[in-house]
Structures are given as structure tokens and as C-alpha cells.
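Below is one structure, written out as C-alpha cells; the observations come after it.
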Amino acid sequence: MHKSAPAPNIILELIQYNEKDFAGYVNLGIDELLAKQKPDQVNWVNLDGLSDTTIINKIGEHYSLHSLLVEDISKDQQPKDYLFFSLKMLYRIEKNVIDYEQISFVLGKNFLISFQEKEGDLFGSFRDRIRLDQGRVRKEKVDYLLYRLVDIIVDNYYTVLDSIGQQIEQIEDDIYKDSTGQEFRKIQRLKKELIYLRKALYPLRDAMSKLVKDDSGFIASSNTRFFSDVYSHVAHLIDSLDTYKDLTSGLMDIYINTLNTRMNEVMKVLTIISTIFIPLTFIVGVYGMNFDFMPELRWELGYFGVWIVMLLMVIVMIRYFKYKKWF
Amino acid sequence: MHKSAPAPNIILELIQYNEKDFAGYVNLGIDELLAKQKPDQVNWVNLDGLSDTTIINKIGEHYSLHSLLVEDISKDQQPKDYLFFSLKMLYRIEKNVIDYEQISFVLGKNFLISFQEKEGDLFGSFRDRIRLDQGRVRKEKVDYLLYRLVDIIVDNYYTVLDSIGQQIEQIEDDIYKDSTGQEFRKIQRLKKELIYLRKALYPLRDAMSKLVKDDSGFIASSNTRFFSDVYSHVAHLIDSLDTYKDLTSGLMDIYINTLNTRMNEVMKVLTIISTIFIPLTFIVGVYGMNFDFMPELRWELGYFGVWIVMLLMVIVMIRYFKYKKWF
Amino acid sequence: MHKSAPAPNIILELIQYNEKDFAGYVNLGIDELLAKQKPDQVNWVNLDGLSDTTIINKIGEHYSLHSLLVEDISKDQQPKDYLFFSLKMLYRIEKNVIDYEQISFVLGKNFLISFQEKEGDLFGSFRDRIRLDQGRVRKEKVDYLLYRLVDIIVDNYYTVLDSIGQQIEQIEDDIYKDSTGQEFRKIQRLKKELIYLRKALYPLRDAMSKLVKDDSGFIASSNTRFFSDVYSHVAHLIDSLDTYKDLTSGLMDIYINTLNTRMNEVMKVLTIISTIFIPLTFIVGVYGMNFDFMPELRWELGYFGVWIVMLLMVIVMIRYFKYKKWF
Amino acid sequence: MHKSAPAPNIILELIQYNEKDFAGYVNLGIDELLAKQKPDQVNWVNLDGLSDTTIINKIGEHYSLHSLLVEDISKDQQPKDYLFFSLKMLYRIEKNVIDYEQISFVLGKNFLISFQEKEGDLFGSFRDRIRLDQGRVRKEKVDYLLYRLVDIIVDNYYTVLDSIGQQIEQIEDDIYKDSTGQEFRKIQRLKKELIYLRKALYPLRDAMSKLVKDDSGFIASSNTRFFSDVYSHVAHLIDSLDTYKDLTSGLMDIYINTLNTRMNEVMKVLTIISTIFIPLTFIVGVYGMNFDFMPELRWELGYFGVWIVMLLMVIVMIRYFKYKKWF
Amino acid sequence: MHKSAPAPNIILELIQYNEKDFAGYVNLGIDELLAKQKPDQVNWVNLDGLSDTTIINKIGEHYSLHSLLVEDISKDQQPKDYLFFSLKMLYRIEKNVIDYEQISFVLGKNFLISFQEKEGDLFGSFRDRIRLDQGRVRKEKVDYLLYRLVDIIVDNYYTVLDSIGQQIEQIEDDIYKDSTGQEFRKIQRLKKELIYLRKALYPLRDAMSKLVKDDSGFIASSNTRFFSDVYSHVAHLIDSLDTYKDLTSGLMDIYINTLNTRMNEVMKVLTIISTIFIPLTFIVGVYGMNFDFMPELRWELGYFGVWIVMLLMVIVMIRYFKYKKWF
């Protein structure tokens, strides 16, 4: 790739191709980049980091984007001379931490601009595929490029949801086998992740729905079925999300039941010990009294008799507990 | 049936018939199979196991299926030259374990292709009915064949739901009669099954709804009422599912109440025993003290008197518990 | 009524009338019955018990009902030469047990066939009204007959729902006044009944909605308002059902709160008794020790002093409990 | 007002006016009343109590109301020669008890009939306004009269909902400050009231929606905006209802949390007392044993030493509780 | 600004501008104010405080507003000669207290009237922007002014929701780290705020939706996209609200679990102490009895033996608790 002077906060990238040619530029200056646009090729402009508004404004001017769009890159406006939408990209998954990034696409007749909040994305190996002319992307127009990018984003959701499914199974096993009380936090974390995933997936579904119904001509009607395919993937993801939500709320029931069952066991132990020994302690207390006149104390078999009585009491009480199924 | 060389991972099967003729082939090679297609007969191609993509691709080429369809056999695309949809088939029910299998159908003018994930299906006895020319299936076209297969799949859901209904009744009885604490897991398992059944039934309903509204001509309008009948079956199944969901959540209430009732009983026993004996133990402790000057100890009726006092206390306390309805 | 040879499992009944004539036949043979049909009269054929498929098939042939309809009398098909729908009839209410029966109606130009699962129905006194020419039923066509039958069925739901409303009030009173723990089962039973009622009422509403919108000509447009009236009754029933569902779930809250309040009371008694006597028992234990050198034991007012100390402790503790509002 | 012979169970009232004239009659006989109708004036016929069906039938005949309507005054039928609808009127609010009354209106070209279940209504001061010709009601037609009556009914709902809002605030304060356990019943009562209010408000909204969309000509199009205004009031009431429902369910959470917090406090007191004194009681028990050979008993500082040991134990345990933040 | 005589309860303000001129008047008398209207400029009339109905009526007369609108400034009526809607403005946020204020707008061809319930608003710095001719507001018509005001109101909701999001995180941390029991009230307060926010946001969304669909010509079609942008902001706010609602209900689960975990710990301590010492106390009680014949008392190693036995018991019990994972 042709390297150019780096910009500190914002990464500019241009990938240009048609069936014959390919060129990729990283860290071009914005003016250089805009000068390089070729109308007979697919021009993919990618921005990482949205901090430098002058760059965004320059791009906006070049492509004559609506000022509101430039101001507020995260809202859904459907202007007439290009197609705009944004969605959330799952960015990194490291040690069960999910990171989201807003990514916005502007699709014109022969160009695609992608605005990313942060550096780094999921498209690394796909960039290589374009360069090496693998698959059909070089033979297709810019709408197919958009489809491939969106598809990569959606596929990543599948990976995340599958991992959540496995975690649910794992936590359920942990609780049943040997609950340490740590499961509660794990369940709460899963719940939160599902809440955030839902917040990301619903707009994604709406965006896909708009693309499928779109008749502006930016997406060739022969390619609509690709977006329709992505749409049905997202719908399926939302279904899975609901399923996982139900399963997670089931996990909470299981966790709480385990807690209650243990509490009950503790209470039973306390009750059994108390119920057996408190009356016995009373009896031995009786014969620890110092009254001058206590005839039993003089009986030769008194001590032995008290033991018999106490033994009988224990037997009766154990039978009672067995009858009550306390152990 | 004509047997041919077996393929290790994937089972190919061809059933061909019209009113006069019938032929069934198992484990044909894919090329053989495709060569055998007869346009004047109903051709049912069935694949068990989707691991061998070359076979799927060959079928795709032969029937000119869309590449996306072949790539992703589990998504809903409605191409124009054939009818495609997939649904979940309940596969085996053994010891209360439900297994699901994705089954996809491609319906053309005179052929039906069914893709199954795993070996084995519910259509065994129905294959015999075709061979033996029982019922009207041999007199009908390929759309009627599709109806019968879908109907068999849906009927199996009824069996499963009925068994869930019985389990709910059984568990409720168990909890009321003699809860062992094992019911909790059973309830959780039921809940999970209902969640998965719902996840399978909603797409099934949508698929049927599409077939009923279909006007592509693959389903004869005189046969639409069959699919409409299946549709209303599925709608009824979903109603039952909701009912069972409510009943299962009622089961949880019953289970938890049983647990709480027992806990309360345990607490009452503890409280009764403690409340009776703790004060008595105090009294006998008093007269176990070694003070030089304790006049009661010298009284002749002291010991007897203490017993009287303690008896009166017990009577008062038992009355109090009776009044409080603790036993 | 003209009586004829009884059929063991299935009861066939024919009621024929117009403004002038009336004839009722019970337990006719199926062939006899079909021969008796008069096109210039209202012919109401009623079957109790659906076990004998040959009879059902014969009726199907006579009226040329669609085979699918005959096969599966419980599904909603709207054929073109007659009107078909089924609904659930509350059958008997004895000792709070509700029994359901599927009843299916086939309405033709001058005949109405009603299929009942079991013997016995709610139409006894209405049959008499027809025979005695009470009300306007004899002056009306077969669509009015259908309206009256459906209306009777719906009215019976009102009776059942009213009884549920009264039970809810009764149970609430019971819990507040003097809960015996039996209320839990009653609440669960109510909940189940409401679940089953809902499962019966929704299809009923849908069936009525279809009848109201029907433009097949089987229901005279002047009579549509009768069915519209039934429809609004059913909608009102469903509203009441939702209200009762909320009230029943409120009952559970009340029940559980009562349980918890009692549990708390038990715990307080335990705590009060323990907190008062455990320290006292310790004190008397101290002076029950047998050390050679324990100066207090020799004091003349030692015993008296201990009692004073213990009394003061009790007073302080009771004040503390009062302050904490424990009693 | 002209007074006439009273009817025991049913109160008949006729208010007649146009811009010039006004006449009000109470307790007219039904025949008298019907004879007094003047087509050039607004005729408001009001019935309190629906027990006397002959009167209702006579009114029905006079205005040629549909028989079904007369039979069942509480259902929504929209006949063509007059406008009919019913709604629930909050009748009296005394000591937090809400009473409902079904009120039905029949609006014709120049007459309005109102059927009330019970005696007494909210229209007292409005009757005076008509009589004294205050506001614009005398200048308007009968549709404006209907608007005013409905508006009065809806305004009363506001009063009730506001009072519920205040009660919620009050109960929340009570629970936080000094819960007596009485709050539970109050919350349950609120919940029930909200359930019944919802059951009354939804039909009211539907009725208003019908009036707004009505194009039968009974409501002058220039007056539609009045009913549209009432409609938006009712919609706002339903929004408030949902808000109050959420707040009430929040109240339950607060109440239950208070209960649990107290229970925990009770348990802590019990545990602290037991944990401190049970070990001490054991120690003094040890030196209350009567073994011949117990060296400690002979030590001069034995008794003093036991006190030291016990004091140290108490200090350790209190530190432990402080560390655990039990008090 | 030109200052004039102050009105005690109501603040009247007029801001007039076009691209060239600007004039701002505070506390004008109503008549003065109305006289100052200039048809060739944007006239923004702002009222703080709605207590003085004569002023409102005068404004109503001047602009020929519908009487119902004037009567009831808080309801949605869409008259034909101007555009009317109201929404809730978050007014002040001080120490986590949110205050709401109803603000109503009347948009005419060249005037905008804003009715505020209370003094003070969020528009202070925006007034300065107009005066200083910053941004494009002076170049635009009155519809753009409306857009800017609404946008400022909606932006303020974002600030509030973000602060709620931070509070949720904070409370979750507090509970996990070191719950003081104060979190419960904070959670309840958050819940209440979310309920009230929802009650404010839904009408706001509806109002925006009406503005976007409006075709009355009061909003230039080129400016519709601004309101559409605000609409999507509000939709996004409602999504966030739902997310926060779920998170808050998750907080409650966490709080309750913390409470239960502590309760269980308390119970375990109680049970461990009781289970260890109650049996020991019984044993020492036995040898505190005063029977004449108790052979163990005479054994030389009796006392020592009792200690051994008790030590063994303690070891066994501690092992049992360890096995049960009680500590």
C-alpha cells in the first residue's frame, strides 16, 4: 500500500478498485484523498475517529452531503442524492467484554464512505480479499461492497450471541453443580449485554429493512436479495436474543432457588440441633438445682433414669424429623 | 427399493411416482440421481446431512437454484422459479429429550427437494403409503406431497405439546402430594423446552402464512386450503404453547409456595421449642445458683412448687400458640 | 317427539320447523334422518358424540361438505357453499368444575348441523321454546337459529365469569380474616380456569368477528346486528377476563404478604423470648459455678441483688422492643 | 320545576329548552312525558333506575329504538336513525370508595335520552346552568348538550385520578417514615381501583373515538372538535392510569423492602444476642460441673479469670459484628 | 433590550427579527405588545406563567385562536389557520431533582407564540444568539425558530438521560462494593424519574410525528428534515429510556440479592454458633446435676475426659460446616 503522512487523531483510508485495478491508500491527507477519487472505479473512503470536524466537513463539501448529516453523523436521514445509514458494529471481544462502535455509511453512485468512531475494525481480512481479487467483490459495483461490509458486521453478532448461549449453559451447570455465589454477577452481566445487544440490533434491523425497500437506484435490484438475506439474518438474531433473554431470566430463577434451598437447609440444621438439645438442657438443669428436698437425687438409679428419659426424647424427636422429611 | 452404492456422510434418496408408476432409490450417487429425474412424474429428492457441499452445489446447478440459497440453506428467500422455505422438524423424542432438525424444501413444477441436517426423519410410514398407493397422494401433484410432509411435521408437534401438558399435570400432582425438590429442575426443563418450541413454531407459522398467500402457481389454488388447514393447526399450537407457558409459570408459584410453607413450618417448630424451654431453663438455672442465702431452697415444697410454676408456664404458652394458630 | 331406534355411541337429533309446522326426532338412524330433510323448513341436525365416523361421512356426503372439513371437524375452513365454524361450549358446572365441549356448526341455506363432542348441552329449554313457538325463532330463518344457539353459549360464559368474580372476593375476605393456607390452591385453580377460559374465548371472538364480516349471504344482512351484539358480548367477556386475571394476581400478592407477615411475627416472638432469657440464663449460670472463691455467693443480699439486676435487664429489653415496635 | 306524581323505582325527568324557553319536569308519568316532547326544542329525557322495563319499552316505541337496544341497554350498537353509546360514570366518592354507574345515551335529531342505573348523578349544577341560561348551552343544539354531559363525566375521572396520585405519595411517605403494615391493604385497594378504572376508561375512549369519527350527521361537524377534545382528555387519563399503575407497583416494592429490612434487623438482634451469650453460658456451665477433680475451681483467681476470659470473648465478638456492619 | 413596566404574575416577552433588524421587549403590557407586531418580521411572543387569563384571551382574540384552545392550552387540537402543539420541557436540574414545565407553541405564518407555565426557560443563550445574529436563525423564517426551540428542549432530555445512565452505573458499583441500604431509595427515585420521563417523551414523539407529516404549509418542506431529525432524536431517547428501565430493574435484582446474601450469612453465623455450643452446654449441664450417684464425677480424669469429648465434637461439627461450605 502507498503510505502517506499520518494524521494524529483520525485515520483516512482510500480503497479503489474495479475488475482490473486496485489501489489502497492509508493516512492520506484529506485533500490528496479527495483528489484521487476516480469515477470509473469503486471508491471506498474509510474514516476512523470522528474528532476532526474539518476533515468531515471537507468530505461533506466534496460529495455535497447535507449539512445536518455532517453535523450529526449518527442520525437516520435519507437524502435523495446518496444513501445514508448508520449501525452499531461490535468492535472487539476480549475476555467477555463487548465493545460497540457506531459506523455510518454514505453510498453514492460509485463511492462508499464509512465513518467509524474508533480506530480498528472487522474488515482487515476482507481488505486483503479485495486486494488479492478473491471472491466476486472486484467484479461487482459499490452496492455489493456495502453488502459485504454489512454482512461481516452481522456475522460478528452471531459469534457474540453464540458465545452468550454457551455462557448460559455453563452458568446453569455451575449453579446446579456447585454454586459459589459468583454466578449472580455473571448472570447480571449477561443480562446487561443482552440489553445492549438489543439496543444495537433493532436499529440494525430497521436500517436493513430500509435498504431492502429502497428504490432509489443506489442498490441494483439484482442485489436487493443480498440485503434481504442480511435482513433475515438480523431478524433471526433478534429472535435468538429473545430466546436468550428468557433463558437468562430462567437462570436467575435457578440461582435464587439454589440460594433458598441452601437457606432452608441451614434453618433445618439449626432447628434440629435446637429442638433436640434445648429440652435436654432443661432436664439436666432441673437436676442441677440445689433444693434441699429433691427425692430423685437420692434414688440410686436416678442418674441412669435421666439418661434413659433423654435418650427416649432424642429418639422421638429424630422420628418426628424423619416423618417431616427434614433429613 | 433399488439400492445403490452408499455415500458415507450424506444420504441421497429419490422417490418418483405418478398415478401409475412408483420408484424409490436410496444412496444413489448424485449424478445418477439427477439423471433419473422424469419431468412427467413427481420427483422427491431427499438429502440427509448437509456436510458435502459439492452434492448440494450439483443439485443447485441442476435445478438452477440461486447461489445464495445454496450457500445459506437456512434463510428465507423467495426466488421466482421455485418455492423455497425451511422449518424445524422435531426429530426424535426419547426419554423426554426433544431434538430439532432444520429441514428445507425447494418446490418446483414437478420436483420437491428436501434438505435435512441429520439422518432419519418422520416420513418412514408415509414413504410406504406412497409405495403401496394408499390414500390419494399418488393421484396428486407435487404440491400435495409437500402438504403431506409438512402436515406430518406439524402433527408431531401436537404429540410433543400433549406430552408437555401431561408432564405439567404430573409435576403439579407431585408437588402437592410429596415434593422432593426434584420438581424444580423438571419445571426449568419444561420452561426451556417451551422456549425452544416457540423459537421453532413462529418461523413455521410464518412459512405457512407465506405458502397460503402464495400466488406463484407452484401450489394449485384448489390445494391452498390444505396449507390453510396446516396454518390454522400451527396457530392453534402457538395458542397451546402460550397456555402451557402460563401453566408452567403457575407451577413455579406452586413450587415456591410449597418451599415457603415448609420453611415456615420449620421456623414454627424452632420457635415453639425455644419459647417453651428457654424460660424453663432459666428458672431451673436460678435454683442451681450457689448463693448461701436462698430461702426457697430450704422450703420443703420448693422443688414441687418450681415444677408447678413451670407446668403453668407451659400451659399458658401452648394456649398462646393455639390462639396464634401455630399448630 | 317421534322416537326411533337408539344408536349406542352417538345421538342424532333432527328439529324441523317453519312458522306453521314443527317436528322433532331423536335417535333416528342416519339414513332416515337424511331422508326427512325438508328444503322449505329450517332443518337443525344435532350430533352428540363424534366417535362414529361413518355417520359423519354420510352427513358430509349428503350436504357435500369438503372432505378436509369432515376429517378435521375442529378447524376453521370457510368453504363457499356453506358456513363453518367451531367454538368451545362450557358444558356443565358442578362443584366449581368447568367442563368444555367443542361444538361445530355448519350453516347452509336452510339447514344447520351442530356437531357436539359429548352428550348433553345447554339448549334444553330453548328446544322447548321452539316447540311451543315462544319468542320469534319460528318466524325466522336458520341464521336466527344459529344466533340463538351461539347467544345461549355466550350467556353461559357470563355465568361462569360472574362466579369467578365472586370467588375472588370470597378468597380475598378469607385471606384477610383468617387464612388457613387453603387459599393458595383455590387461587391456583382460579388462575388455571382463567387460562382455559381465555383459550376458549379468543377463538370464540374470532369466529364471531368472521360471522359479522361475512358477506356470503348465509346470514341475512338484517340479522348481522344480532351477531354483532354477540361479538360485543364476547369482547366484553375478554375484558372481564383480563380484569379477573389482574385481580387474581393481586390475590397471590395478598396471600404471600399474609404468609410473610406471619413468618415475621413468628420470628419476632422467637427473638423476643431468646433475647430476654438467654442473657438471664447466662447470669444464673455464673452463680451456679463452683469456684471456691466467689465473694458474691457469700453476700447476704446476693441472691436478692441478682433478681434486681435481672429485672432491670428485662425492663430495658422490653423498652427496646417497644421502641423498635416489635409488639 | 313542575312536579308531578312520583314513580317508586324509576325517576323520569324531562328538560326542554331552546334559546328562548326552558322547562324542567321531574317524576312525570311516562305517557305524559312522551306527550310533552317538542320537536323545535332540545328534549333531554333522563331515566334513573332501569328496573321498570315497561317504561323503557314505551320510550323505545316512541323513538322507534331497535328492540335489541332496548333489551340490552349496555351494548354498543350503532343504529342508523339515532346515535347510541354507553359509558361508565363515576358516581360518588365518599371516604375513598368509588362507585360506578352505567350511563347510556341515545342521541336523535332533537332529543337526547340518558339511561342511568341508579338515582343521583353529577349533573346537578349543570341543570342549574341550563335553567339560568349560563354559558352557551341554551344557544346550542342537542349535540352540544351531549358534549357537556360527557365532559362533566370525564372531568370527574380527573378528580379521582388526582386523588389516587396523592394517595400514592401519601402511602410512600408513610412506608418510609413509619410503616404500620396497614399500607399493604391500601396499596392493594389502589391497585384494584386502577384495575376498575381501566375497565371503565377503555370503553369510554372507544366511545369517544366513535363519536369523533361519526359522520351520521347527529353531531354537527363544527362541534366535532369538542368531542375530539374529550377524546384527548380520555387518552391523557389512560396515560396517567398507566403511570399510576407503575407507581403503585413501585409502592409494593418499597413496602416489601421495608418488611424485609425489618426482618433482617430482627434476625441480626437475635443472632447478636445468641452469638454473644450462648458461648458464655457454655463457659459458666463448665464451672458449674460437679467433678471431684477440677483444678481451676480451687485457684484463687479462677472466678476472676473466667470473667476476664468472658469479657475478652465479648469484645472480640462485638468487633466481629462491627466489622460485618451488623450494627 | 427595551424594558417596560413589569406585570406581577406573568412575564410577556416579544422578540422580533428579520435578517436586518432585531428587537427584544420584556414585560411589555399586553396591548403594547400586540400593537408592536410587524408582519414582515418573525414575531416570537413568549409568556411565562399562565395565571392571567385576560392576557391569554387578548392574545387569543388578536390571533383569532379557537376558544377551546385558549380554554385548555394543554390539549392537542390542530386548527386550520395556525399550528398548535404542546410538550413538556425539562426545566431545571438541581441536585438530581427534575422539574417539568408544559410549554405550548402556536405557529402562524409569521409569528410564534410560546406559552410557559413557569418563569425561566432553557432559551437564554439562544436569545443571545438571535440578538447577536449568530448561526443562521436570523436568515430563516419562523418555522426554523420553532425547530431551534424544540431542538434545545430535546437536547436537554439527552443531558438528563445521560445523567441517569451514570447514576445507574454508580449505584451498581455502590451495591457491589459496600451496600448501605440507601441504594434502595435511589433506585426507587430513578424508577420514578424514568416513569415521568416516559410520560413526557411519548407526547413529545407524537407531536414531532405530527409536525413531520404536516402539510399545512406552516413548515416549509425544505425544513421538514429538521423536524424529522428531532423526531429521530426523540425516538432514540425513548429507546434509551427502555434500556435504562431494564437496567434499573436489574439494579433492584442486584440490591435484593445483596440483601438476601447478607441475611443468609447472618443465619449461618447464628446456626454455626448455636450448633456448636448448644450440645456442649448440654454436656456440661449433665455434670452439673446433683445426683448422689454419678460415677463419672468421681473419676480422676472425668473433667479432662469431658473436655476431650467436647473438643472432638467441635472438630466434627466444624468439619461438617466446611463440608457444607458454610464458611
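Order of writing sets the chain letters: A, B, C, D and E. Residues in each chain are counted from 1.
Just so we're on the same page, contacts are C-beta pairs under 8 Å (C-beta built on N, C-alpha and C of every residue); 3 or more make two chains touch, one makes a residue touch a chain.
Being a predicted model, the structure only gives us computed values, none of them experimental.
S.K.: Where the contacts of chain D and chain E overlap, which chains show up?
M.R.: none
S.K.: What are the mutual neighbours of chain B and chain E in this structure?
M.R.: A
S.K.: What is the size of the turn, to the nearest 5°, that moves the C-alpha atoms of chain B onto the matching ones in chain C?
M.R.: Chain B sits rotated relative to chain C by 70 degrees.
S.K.: Is the contact between copies chain A and chain E built from the same residues on both sides or from different ones, judged by whether over half of the numbers are shared?
M.R.: different
S.K.: So, what's the distance in Å between the C-alpha centres of chain D and chain C?
M.R.: Distance between chain centres, rounded to whole Å: 26 Å.
S.K.: Using Cα averages as centroids, what's the distance between chain A and chain D in whole Å?
M.R.: 43
S.K.: Name the residues of chain D that each touch 2 or more other chains.
M.R.: 263, 267, 270, 274, 278, 281, 285, 288-290, 294 - these are the residues of chain D that touch more than one other chain.
S.K.: Residues of chain A touching chain E in their complex?
M.R.: Within the complex, chain A contacts chain E at residues 66, 68, 72, 75-77, 181, 184-185, 188, 191-192, 195-196, 198-199, 202-203, 252, 256, 259, 262-263, 265-267, 269-270, 273-274, 277-278, 280-281, 284-285, 287-290, 294, 296-298, 300-303, 306.
S.K.: Would you pull the chain E residues touching chain A in the complex into a rising list?
M.R.: Touch residues, chain E against chain A: 176, 225-226, 228-229, 232-233, 236, 239-240, 243, 246-247, 250, 253-254, 257, 260-261, 263-264, 267-268, 270-271, 274-275, 278-279, 281-282, 285-286, 288-294, 324, 326.
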